[in-house]
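Here's the structure, in structure tokens; my notes come after.
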Amino acid sequence: MIETRPTPDIAAAPPADPPATPRPSLPVRATESGAASALPPRVALSARKFNLYYGTNQALRAVSLELPAHSVSAIIGPSGCGKSTLLRSFNRMNDLIPGVRTEGVVQVGDVNVFAPATDVVELRRRVGMVFQRPNPFPKSIFENVAFGLRLLGLRNRGEIEARVERSLLQAALWTEVRDRLERPALQLSGGQQQRLCIARCLAVEPDVVLMDEPASALDPTATARIEELILELKARYTIVVVTHNMQQAARVSDRTAFMLNGELIEIGETRALFTRPGKKLTEDYITGRFG
Amino acid sequence: MSGTLAMPPSAVPAGARATRTRLGAADQAYRALLASLATAVFVVVAVIVFELARGAGPSIHAFGWGFLTGTDWDPVAEKFGALPYLYGTLMSSFLALLIALPLGIGTAVYLSEIAPARVGSVLAFVVELLASIPSIVFGIWGVFVLAPFLRGAIEPWLIAHLGFLPLFRGFPFGLGMLNAALVLAIMIIPTLVTISREVLRAMPRTLREAALALGSTRAEAIAVTLDAARPGILGAVILALGRALGETMAVTMVIGNSNRISLSLLAPGATLASLVANEFTEATGKLYLSALIEIALVLFGITIVVNAVARLLVLWATGGRRDVAGAA
Amino acid sequence: MSRVRPEDLRPLRLGGPSPARRAVDRASVVAAHLAALLVLVPVALIVWHLLAHGLAGINLDFFLHMPAPVGEAGGGMANAIVGTLMLVGIAAAIAVPVGVGAGLFLAEHGGGRFATLVRYTADVLSGVPSIVVGVATYGLVVVPMGRFSALAGGIALAILMLPVIVRSTEEVVRLVPQSYRQAALALGAPHWKVVQQVVLPAASAGIATASLLALSRAAGETAPLLFTALGNRFWSTALDQPIASLPVFIFDYARAPYADWNRQAWAGALVLLTLVALVSGLLRATTRRIVR
């Protein structure tokens, strides 16, 4: 049985490093009725009997799950079980593969992801993604974070600078790069590049952040920083992390889903899943009998 | 960088040395044979440079740098200047590039980012077919098909509507700078398409994915890839320019062969290559022949420099992969 | 430019990409399609006109007869076809052994500075305009010999083909699996025998393909022949005499003031393109299947 450290309370989220500047207060967002609320909208993810085919090969089989808002959900399973495929379905990155077909429903908040009327471009802005290998653009650090903002039509240099600074603060990278924003992003270390990619993703104010094995290409120190970051971000975003590292899933997530051969075997509160798994398959995987 | 393993000192025995099989006598002889064949490449280039320099000697001696700025080409008076032909070469090539650039890069983008697989391979085949058409075939098409079309339809329209510009002043001959630029453009499109496409393919997929995941439209994601591929595409452009500069037969047949520099696209002109093609076998007199050889030498120099720059760019942009650079 | 404080930022008001972005996206995709279409147009036009003007002139006479005297109708290009075959044959006899040898050297011993220089020089050579090669060959061969000749033409074409054969041979030989070499070495064969008797045969198909491709390209070259092989209205297969060739035939007949000759030029162009395109197309298709 894996020992899990108690997952931190959602309410208490102290930042690990003492910030040089005071933390920005939460942005005020107007709801439909015009009243201002203190927290960003709560966007949950769900799938109902979702099937996905690559040509004739079925990659996801009747997956149904609910991932709550403002929490961290982990998806674990052996290679090829479909966890990345499921993750990429939430922002329709699977569309890039020719011959992909889907059945069933996937929802982000109240948006039906695969409905013909859904605007993919806007969906992808709202559902951000961090990839396995850090992939900053071959531009400066500043331009990387500003990329999404420029896409959205922001022209005011002062506003762009402020948003870039805020995103880098949220990604816990600001203090390390504040003096060299014009330098090429590719000169940063692997861990820094990944935090830059997170900052870039946060700059466009998504509701959801999907992370596909975000720390697997990084060394242990960088991994630990990413994990800290995930815990900080959960106050504002709904986060889904795909990982092959069970200890990592146990450390950062509130809920964990276990997949095998394209099927969702079991999903539940993380501590419970790891200490008292309901299904035998889950227990076999967790104890290392396969995968 | 952290992470390198330090070998414990006891793992490597004290007297150990790197082993390498030494080649036997027969092996060395064989290797020497191959090496000597390889030197043939140097010999050939050296011979070309030598022959050009030797043949051009009298002309260089007679005219010096003035050769490049002189505008008279008078075999009778034995006065030779290359400027009209330099102008013709550069003008026709740059015009061709201007026309071919949007078409070539647009097609490369289409092939590498948009086209479905089967359409893409058909189009790629057609582009290769275009690349294999000999220059003389373009020439004959340019003379008998394109020239009448320009003379009858396009040039009168240009003169009527845009004739106030010096660019479009003159008579509709059909043959001339415009025809040459169009034919050259068609001839260099395959170079642009093939190399740009390979450069784009060398760009990591994650670049496009990162842009799309941030909420880019398809065009915006392609723009990111193109931006990252800029050095390589620049290399492709310069290589295409190099091709255009050296092109002979098609241009000779359609450019009209006049040694006057004219700003008008409708006027006939001549290039370094067309001059040599037309007059070399008719050249009487040592100085005349030497001047023509010097023309060839100038052309040689220009294309060498342009191609060298281009290859460096393509090599740099594709990360030194020779198979891509070799496609040039 | 006022400094905005991060704390003061209001949330981004959004609802999907702006109409301008959508329009740019649509226009870009349309433009890319248009570019591809426009590239198809010249190919279609050239092939169409070749067939329209050239087919009429293709008959058995065209292939079997000699050119008719000036002013008379009819005649053929038999001497040009034979001439092209001879020139290409001479070029191959020179360029293939040298090119394959150089390519082998680069593939097997290609690490050092000498090899890098050879590669660079081959690249430089491939960028030299064909007419410049013709001029250089004039000085090298025609002047000492005192006459234009098929030999000179063959040498010029060989120079053009050399870099292509060197580069392709190196690529093809590199593709030969290391396991073949290691198996032979493990059996105790000396290095040179491994190359000569194992690597070279394994690479021979690819080398033959690449050489044929280079040959077909050379067959279509006109400029280097203009002052080396010159051209010949009569039958000749002598190495030391001027010789007719298909591209020069087309060039001369296209520029002539006789409509009948112009028609024959079209026919010749059709034949030339068919040969070149057929050979290139077939070879590239088979190579792709071997290599990929």
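All chains are identified by letter, namely A, B and C, in their written order; residue positions are counted from 1 within each chain.
Convention: a residue touches a chain if its C-beta (ideal position, glycine included) is under 8 Å from a C-beta of that chain, and two chains touch if they have at least 3 such contacts.
The structure displayed is predicted, hence computed values, not measured ones.
Of all the chains shown, the one with its CA centroid nearest the global CA centroid is B. Farthest chain from chain C (centres taken as the mean of C-alpha atoms): A.
The highest number of C-beta contact pairs joins the chains B-C.
Between the CA-based centres of chain B and chain C the separation comes to 14 Å, rounded to the whole angstrom.
We define each chain's centre as the mean of its Cα atoms; on that basis chain A and chain C are separated by 52 Å. Work out the mean CA point of chain A and of chain B, and you get 48 Å between them.
Shown for chain B are the residues that touch two or more other chains, namely 215, 217, 220.
Across the assembly, chain C contributes residues 17, 21 that each touch 2 or more other chains. The multi-chain contact residues of chain A, meaning those touching 2 or more other chains, are 121-122, 125, 151-152, 204. Interface of chain B with chain C (complex): residues 21, 23-24, 26-27, 29-31, 33-35, 37-42, 44-45, 47-48, 51-52, 54-55, 102-107, 109-111, 113-115, 123, 125-130, 132-141, 143-145, 186, 189, 193, 215, 217-220, 222, 242, 245-249, 253, 273, 276-277, 280-281, 292-293, 296, 299-300, 303-304, 307-308, 311, 322-323, 325-326.
If you check the complex, the residues on chain C that touch chain A are 1-12, 14-18, 20-21.
Contact residues on chain A toward chain C in their complex (touch as defined above): 22, 24-25, 27-29, 40, 119, 121-122, 125, 151-153, 156-159, 161-163, 165-166, 169, 204-205. Residues 2-3, 116-117, 204, 206-207, 209-217, 220, 224, 228 of chain B are the ones touching chain A in the complex. Within the complex, the chain C residues that touch chain B are 17, 21-22, 24-25, 27-29, 31-36, 38-40, 42-43, 45-46, 49-50, 53, 97-98, 101-102, 104-106, 108-109, 114-115, 117-119, 121-125, 127-133, 135-140, 159, 162-163, 166-167, 171, 190-192, 195-196, 216-217, 220-223, 226-227, 230, 247, 250-251, 254-255, 262, 265-266, 269, 272-273, 276-277, 280-281, 284.
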